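Quick one: the structure is below, and I'll ask about it shortly.
Chain naming follows the written order as A, B, C and D, and within any one chain the residues start at number 1.
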């Protein structure tokens, strides 16, 4: 189980391979990468604020839950904060298991919980102003799936 | 949409990054990598047989279905055949979308269908003999989810 | 004249990956009936149809499907890709 | 004495990321009531509790939770990570 919070950019492919090398015997690896959406002509990216201390605890608790619910060989969460440009990876999740269902379900679960239970706040830097991203009702509803 | 059938090994992280670079504006990328499971002291890997011609058509049809059911910006399938060593990637699927649900569902769907509808057959090369992998009832049942 | 292909353990039991068959069979089941009486190895390969799948011209099909116009028939066990 | 932290637009409205507050409030709601009467910017930040979340000692909590023993209270909008 590895959790990294960082301001610097990261390379999802490199991280996925690094994660894969660490899990001998896995049959399935699922990765999710979240990217800064948007058109470079309309936005200059985003700024992510977080709650140092709580962020680590909240994510570790979510990862712990996933590890208890599914048969995982390992899991990884990387999440950035600070300034991010359009197209850059914001965060990634990786899960490894013997059979594919566990890795898929756990990655999906981790994403739903990270979205609504880890203390991050995104602000979009539009060319004509800044806007805090508002949570979607869908995101809260997604938690009921689990 | 890209489909590659190959005998040679491939690098999942490299392919994931290459796929990601190709989809400007995506907010979510999901990858699945299937690996040769097993203990190197009990198996020397596997051999994958396939049905040249039908394989390409079957996978393209599955990818086409996924593209119709979910809002995808792109999708990728790489599948190997021939001899594979323990720990090596067998295949990978990648999906890109604006929002995470589409990428997750489409990747999960692609995997379920590739498992049971693409003409590949795996033979495990045990140290004490070769065994054709048998399809699991679960795999056929998984298709009913969709 | 029809091309018949075999994969995985079907290929191994029959001992060849493909052959061209002269047949008057109207359906896949009819073709199988002709093959089975040829030799023991065919009887063995086709002894449990529930564990076999068939494709006609590279599309999954069924044993009662007609062969009219079909150029390529393939027999194989359930697929195990992914 | 309790540390009160603000994040995202709550921080921006109140104009500071954290402060130490002298309070006799027994619950989070009591603390909010004390803050709201201080100054307009607090009233503004806490005007719609449905759009706010609270954490006590870095654990998500609720507005009716007791403050006894709590060292750190944080107010913020619903999270938008991932």
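Rule of thumb we're sticking to: a contact is a pair of C-beta atoms (placed from the backbone, for glycine too) under 8 Å apart; a residue touches a chain by one contact, two chains touch by 3 or more.
Worth saying up front: this structure is predicted, and the values here are computed from it rather than measured.
Engineer: Please identify each chain that touches chain B as well as chain C.
Structural biologist: Per touch definition, common to chain B and chain C: zero chains.
Engineer: Could you work out how far the Cα centre of chain C sits from that of chain D, in whole Å?
Structural biologist: Roughly 72 Å separates the two chain centres.
Engineer: Where the CA atoms of chain A average out and where those of chain D average out, how many Å apart are those spots?
Structural biologist: From the centre of chain A to the centre of chain D is 26 Å.
Engineer: What is the distance in Å between the mean C-alpha positions of chain A and chain C?
Structural biologist: 48
Engineer: Which residues does chain C have that touch at least 2 chains other than itself?
Structural biologist: Those would be 82.
Engineer: Hunt down the residues of chain A that sit against at least two other chains at once, touch-wise.
Structural biologist: If we look for residues of chain A contacting two or more partner chains, we find 34, 100, 111.
Engineer: Chain pairs in touch?
Structural biologist: A-B, A-D, B-C
Engineer: Inside the complex, what are the residues of chain A that reach chain B?
Structural biologist: 11-17, 20, 24-39, 87, 98, 100, 103-104, 107-108, 111
Engineer: Enumerate the contact residues on chain D facing chain A in the complex.
Structural biologist: Residue list for chain D touching chain A: 5, 7-9, 11, 55, 58-60, 74, 76-82.
Engineer: So in the complex, which bits of chain A are touching chain D?
Structural biologist: 34, 48-51, 53-54, 57-58, 79, 90-91, 111, 114-123, 132-135, 140
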